[in-house]
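Got some structures for you, see below.
Across the two complexes that follow, subunit A remains constant while its partner is subunit B and subsequently subunit C.
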Partner chain A sequence: MHEKERDLVSAFMRGEMDRRELIRGLGALGVTAGTAGTLLNMAATKAMAADFDWMKHSGKSIKILLNKHPYTDALLANLDNFKSMTGMEVAYDIFPEDVYFDKVTAALSSRSSEYDAFMVGAYMTWTYGPAGWIVDHNEWIMDSDKTNPAYNWTDMIEGVRKSCAWNGRPGGALGSDDAMQWCVPWGYEQNNLSYNAAMLENSGIGIPNNLDELMEAAAKVQADNEGIYGIGVRGSRSWATIHPGFLSAYSNLGEVDLNVSADGKLSAAMNTDASKEFHAKWVKMIQDSGAADWSSHTWYQVGTDLGAGKSAIIYDADILGYFMNGGENAMAGQLAYAPFAASGNGAPTPNIWIWSLSMSKFSRDLDATWYFMQWATGTEHALFGARNMDFVNPVRQSVWDDPMFRDRIAQSYPGYVEMHDVSAPGAAIKFTAQPLFFDLTTEWAASLQKMVANEVPVDEGLDQLAESVNRQLNEAGLG
Partner chain B sequence: MQHQSVLENWLRGIALALIVLFFMFPIFWILLMSLQTNETILRSPPSMVFSPTLSNYQAIFAGRLDSNAASLDIRFLGNLWNSIILSVGSVGVALLFGVPAAYAFARYKFRGSEDIAFTLLSFRFAPPLLVLLPLTSYFQTLGIADTYFGLIWVYQLICLPLILWIVRGYFEDIPADVEHAYRIAGHGWFATFRNIALPLARPGIAAAGLLAFIFAWNNFIFALVLASADKQPVTVGALAFVTASGIQYGQIAAAVVLSIAPTLALALYAQRYLVEGLSLGAVKG
Partner chain C sequence: MTGRSHRFGLSPRFEKISEVQHKGIRAGRISREVLPYLLSLPALLVCIGILIPFGTAIWYSLQRYRLSQPWNRGMNWGENYLNFLSEPDFWNTLQVSLVYAGLTVVLELLLGLGIALLLRRRTRLNNFISVILLMPLMTAPVLAALMFKLMTNPNFGILSYFMQLAGFEDFRWGSDPSTALFTVILVDIWVYTPFMMILLLAGLRSLPPQPFEAAALDGVPRWQQFWRITLPMLMPYVLTASLFRLLDSIQQFDIIYALTQGGPGDTLMVFQVEAYLNFFQSTNIGRSAALLIILWAITFVLSNMFVKNWLRLRERARGEI
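Right after this comes the complex of A and B.
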C-alpha cells in the first residue's frame, strides 16, 4: 500500500473521516472501489488483531468442508488475511452442491475427524444437532476468552440468528432461551419476487401486492408476452419445493405446517379451511401460469428460465434472481426485485434458507476451529465479501447499513436493497423444527404434484396428507 | 440361399438407421451442446444452427469456470486423471487376483469353494453406503483414508466379483482335456494355466476387464464418501458445473464428451472381444 492510500485508510479507521470521504479520497488517487474495499479489509484485519490474541493457535491446522458457492469464493479470496493474522493453516475440500450434503452426512455419521467445520443449512442441523454430530456454539460465542470483543453477535439479523438455534425438542420454538446454537449464520436467502421488468411493463401491470394479484399478474404477463410462462416456482418431489415461495406465502397468510399442543405433541395443520383455500389458489396459479414441466423444476430450472427470458416472475430466493441478473444470462441487467406479502398487509414474512457454518463434534481442536469460525462469520469478512464479491445476502445488519455495499447493489440490482429492508424484520424459518422435517415436507411436495396434475382434488389431497403426516408423527412418538 | 429383395434391403437399412439414430442422438446432441455457449443452448426454441465455439473445452483445460456470478476454479482434468488411476488400478488389481481365482474355482473343487465364490459375489448385493460408513472409520484407523491405495482396494467390491464370475464361466467352457493333454506332456499346473488356459480365455478376460472398467469408471459413491475433493472421479467432478448461480450446460456437455471418450475408445477397440467373450462364456457346451 502506498503512503497516501495508507494514510487515508488509517484516518478512516481512527474515525477521522466517514466512508464516503474515504472512497472519494481513494478515487482521487486512482484506486477503484474494489481495491478500496480490499485495502479497507486489510486495515480492518490489522485493527481487529490489535484487540485479541489471534495468534493463540498459531501453527495449528484445521480442515473445512465447503460447498461450491459464491460464498466459498469470497472466503477463499480473503483466507490469506486469516492465515496471516492467526498463523494458522486452513485446508479445505470443496464439493459440488448436488452431492455436498451426502458428503457432510457421510463424514458426520461415520464420526470422521477429517473436517473441523463445514457449511450447513439450518434445516440440516435439526438432524445433526440431536444426533450429537455438531456442537452448541453458545459455549464459544459467550466465552469472552475465546471470542474477540469486536465479534458483535447481536449484529446478526435476529430472525436469522434465532433460526439457527433450537432446543432439540420437537416443536420447540427456534431461538428460545434454552436453545442450542447449532450453527452460526453466514449468508442467507429470503423468498420474494424477482421479475422481468420489461415483460411486466409490456403488459402494463404493476408489482403484485397479494396472492390474488400475483395470480392475475402471472396470467396476464404470460398472455401478453409470447413464448413465456408467467411465474416460476419449484415443483420437484422434494422438501425444497415447499420452503421457498410456497411456505413464505403460506405463513404470511397465518398458516402453519404443524400444530404444537400444550404437552408438546405435534399434529398436521395443512388441512384447515384457510390452508385448503391457499393450496387451491397456488395450484391454480401453477396450472394457469406455471412452467409446463413444473413438476421437475428445482432451484436451477426456476433460475435458468428467468435468466433466459422464458419466465416473467419467480417467487423464490432473492439471490437466485440476483445471480440471474448477471453473467451470460440473456436477461442480465433486466431483472428487478420486490418484497411480497401474500396477505396484502405489506409486511412480508419470507421463509429463509441460511448457509451457516458449524463445528463438528469430532473436530480434534474446537478452540482453534472457533478462531476460524468467528473470523469467517465476523463483520470484517462479511464486509469484504459483500463489497467486493457476491457474498449476498449478508447476515449482519451492519453490512446492510454499509453505504459502499448498498451503493454497489443499488446500481446493478434495482429494488434489491429496499426489498431486503422491508422483508428482513419478518424473515425467519417458518417450519416447525422436528426430526421428520425432510420426510414430511417431501410428502407435502408429492401431494402438491398430485393436485397440480389433477390426480386428486385439493381438499381430498390435503386430508390424505394430514392423515399420513399424523400417522408418521404418531409412529415416531411425536404425535 | 435366400435372396432379399431390394425393398427388403431398403427397409432393413432404414430400420438400422433409425435404431442408430435413436441410440446415438443423445450423444450427438451432447456433442453439439459442447460446442455452444449457454446462451445459444438455452434459446427458445432450440436450434441446430449456431456458431461453434471451443470455449467450453478451453475453460475445462484452463481450469476456470466463468459462472453467472463469478469465475471459479475447476479441476475437471484432475477428476479425469483420478478416474483413469482408479479405474485402471482397480481393474489391474482385480485381474491380477481375480483371473487365477476364477481358474481355481473353475478347475479345482475344494471344500467351501462355492461358498467362497458366492461370498465374493455377494459384495455386489450390499448397498454401498452400508459398507462405506464403517469403512470410513477403519480406513482412518489404518491410515489409508483419502489415498488411491484405499480407494482401489474398495473398488474391488465392484471389479473383483465381476471378473471372477465372468472369467470363471469362460474357464469352465474350455475343455479340460486340452489342459490334461498338456499336463501329460510333463508341464505343471502353472505352466498349463499360463500357456493353455490364459490364451484360450483371453476374449473372456478382455470382456470382463472392459465391463469392470466401465463399472469402475461410472462409480460415484465410493470416492465421494472416502476421499477428499482432490481424489474425486469425473462422475463427481462433472457436478461442479451445476452451481447455485447457474448451470453451465456447455461445459457440462464438454465434460461429458471428455469423460466418455476413454470408455468409448476402449469399448470400440475391444467390442469384438466383448461380444465374443460374453457369448462364449455364458453358454455351457
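Right after this comes the complex of A and C.
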C-alpha cells in the first residue's frame, strides 16, 4: 500500500473521516471501489489484531467442511488474511449441495474428528444438536478470553441469531433464555417476491399485496406473455419445498405447523379450516400459473427459470432474485424485488434459511476452531464479502448499514436493500423446532404434490397428512 | 512302531527309513486335513466381511433408533416390522418396487430378445451395431436420468418437443403421477436393454446349428422353430439375464432418485429411495434398516426361485430329466 493511501485508510480507521470522504480520497489517488474495499479489509484485519491475541493458536491446523456456494467463495478469497493474522492453517473440503448434507451426516454420525467445523442450515441443528454432535457455542461466544471484544454478537439480526438457538425441547421456542446456540449465523435468505418488471408492466399489473393478488397477477402475466409461466415456487418431494414461500405465506396468515400443548406435547395443525383454505389457494395457484414440471422444481429451477425469462414472478429466496439479476442470465438487469405479506396486513414475516457455521463436538481443538469461527462470522469478513463479493444476505446489521455495501447493491439491484429492510424485523424461522422436522416437512411436500396432481382433494389430503404426522409424533414419544 | 518292525526282522537302517517315511506320511495327512481349511479361509473372511454389516443391519432393524433422539434408543424387537403392516406407505412402496421391477425386466427382456434375434447372424454390420448398442450401458444410470430430465424439460427438452408434435401438448413426464412410472421405466430400458441384448445374443450364437438344420429340412416354419427350438434352448440364458436384471431393478435407486426423489407424491417410492431418505434425511436408522432387511428377503426369495428354475432348465437341456 502506498503512503498516501495508507494514511487515508488509517485516518478512516481512527474515525477522522467518513466513508464517502475515504472513497473520494482513494478515487482521487486512482484507486477503484473494489480495491478500496480490499485495502479497508486489510486495514480492518490489522486493527482487529491489535485488540486481541489472534496468534494464540499459531501453528495449529483445522479442517472445515464447506458447501459450494458464493459464501464459500468469499471465505476462500479472504482466507489468507485469517491465516496471516493467526498463524493457523485451514484445510477444507468443498462439496456440491446435492451431496453436502449426506457428507455432514456421515461425518458426524461416525463421530469422525476429520472436520472441526462445517457449514450447516439451522434446521439441521435440530437433529445434530440433540444427537450430541455439535457444541453449544454460547460457551465460546460468552467467554471474553476466547472471543475478540469487537466480535459484537448482538450485531447479528435478532430473528436470525435467535433462529439458531434452541433449548432442545420439542416445541421449545427458538432463542429462549435457556436455548443453546447450536450454530452461528453466516448468511441468510428471506422469502419474498422477485419479478420480471417488464413482464408485469406488459400486463399492466402492479406489485401484488396479498395472496389473492399474487394468484391473480400470476395468472394474468402468464396469459399476457407467451411461453412463460406466472409463478415460480419449489415443488420437489423434499422438505425444501415447504420452507420458502409456502411457509412464509402460511405463517403470515397466522397458521402454524404444529400445536404445542401446555405439557409440551405436539400435534398436527395443518388441517384447520384456515390452513385448508390456504392450501386450496396455493394448489390452485400452482395448477393455474405454476411450472408444468413444478413437482421437480428445486431452488435451482425456480431461480434459473426467472433468470432465463421462463417465469414472471418467484416467491422464494430473495438471493435467487439477486443472483439471477446479474452475470450471464438473459434477464440480468430486468428483475425487481418486493417484500410480501400474504395476509396483506402489516409487515412481511418471511420464514428464513440460514447458512451457519457449527463446531463439531468431535473436533480435537475447539478453542482454535473458534478462532476461525469468530473471524468467519465477524464484521470484518462480512464487510469484505458484502462489499467485494456476493456475500448476500449478510446477517449483521452493521453490514446492512454500511454505505459502501448499500451503494453497491442499490446500483446493481435496485429495490433489494429496501426489501430487506422492510422484511428483516419479522424474519425468523417459523417452524416448530422438533427432531422430526425433516420427516414431517418431507411428507407435507409429498402431500402437496398429491393435491396439485389432483390425486387427493385438499381437505382429505390434509386430514391424511395430519393423521400421519400425529402417528409419527406419538411413535417418537413427542405427541 | 520300532518294536513291530523288529518283530518282522527288519534291519535298523530300514527301520530308520521307515520311521522317516511314516513321519512324512503323517505330516502329509495333517497338511491334507488342514489344507481345505486354509484354502477356504479367504472365503470365510469375505463371508465375515459380508455378515458383519448384515448382522448389524438386522440388529439396528430391531431397535427404536433415531440419531436425533439418542435418549430414546432401545430394543423394540419386531415393532419396526409390525408397524409396516399398518402403514399404507409401506404397502405402496412394496407395490411400486414390484411393479417397477416386473415391468422393466419384462420389457427389457422382450426388447433385448428382439434385438438379439435381429443381430443373430455374424456379419460385420451386426457386430458393429451390437457394439454401438452397448453404449447406453456404459453410461452411469444417474447421468442417464439427468440427461432424460433435460430431454423431458417442458421448455427446451427434445422429447417434450416431439410429444408436442405428436399432439400431446401437456405431457408432463416425471412431473405427473400418471406418467412418472412410464418415464423412469423408459430411462431404465434405455440403459439396461443392451445388457439383456448382449447376454441373449451370446446365447443365441452359441446354440448348436443341427436342430435348426434338421427343422429347416423338415420344413418347419420359422415361428415354430423359434417357439419349439430357439426359445427352450435359450431359456437358461433368458433366466440368467432376467435374474441379474431383477436383482438390480428391485433395488433401483439412482434413476428414480435423480429424476423425482420418489415423487410426485409417493408414486415412485421404491425401497431403496425410502430407506435412503429414512437414513440420511430423517436419521431414522431403525426404520431404514428394517426396510432394507425386507428388501433383502424379497430379493432372496425371488433369486432362489429363479435359480431353482434355472437349474431345472439346465438339467433338461442336458437331457438329465
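Keep this in mind: the second predicted complex is superposed on the first by the 478 of 479 C-alpha atoms of A that agree within 3 Å, B and C clash if a C-alpha of one lies under 4 Å from a C-alpha of the other, contacts with A are read in each partner's own complex, and residues count from 1 in each chain.
The rule is simple: a contact is a pair of C-beta atoms (placed from the backbone, for glycine too) under 8 Å apart; a residue touches a chain by one contact, two chains touch by 3 or more.
Fair warning: this is a prediction, and the values are worked out from it, not measured in the lab.
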Touched partner set for A:Ser295, first subunit B, second subunit C, both or neither: second
First, second, both or neither for A:Ser113, with subunit B first and subunit C second: first
Contacts of A:Asp102 with subunit B and subunit C, given as first, second, both or neither: both
Partner chain(s) touched by A:Gly326 [first = subunit B, second = subunit C, both, neither]: first
Which of subunit B and subunit C A:Lys310 touches, first, second, both or neither: both
Touching partner for A:Gln287 - first (subunit B), second (subunit C), both, neither: neither
Touching partner for A:Ile94 - first (subunit B), second (subunit C), both, neither: first
Touching both subunit B and subunit C, residues of subunit A: 102, 109, 308, 310
Residues of subunit A defined as touching subunit C within the complex: 101-102, 105, 109, 126-127, 130-132, 236-239, 291-296, 305, 308, 310, 435-436, 438-439, 442, 446-447, 449-450, 452-453, 455, 468, 475-477
Subunit B residues within the subunit A interface of the complex: 37-39, 42-44, 66-70, 72, 129, 132-134, 136-137, 140, 145-146, 224-225, 228-230, 232, 236-237, 239-240, 242-247
Residues on subunit C engaged by subunit A in the complex (per definition of touch): 66-70, 72, 83, 89, 149, 152-155, 170, 172-177, 259-266, 277, 280-284
For the subunit A and subunit B complex, residues of the former touching the latter: 68-70, 73, 93-99, 102-103, 106-107, 109-114, 227, 299-300, 303-304, 307-310, 319-320, 323-324, 326-330, 332, 389-390
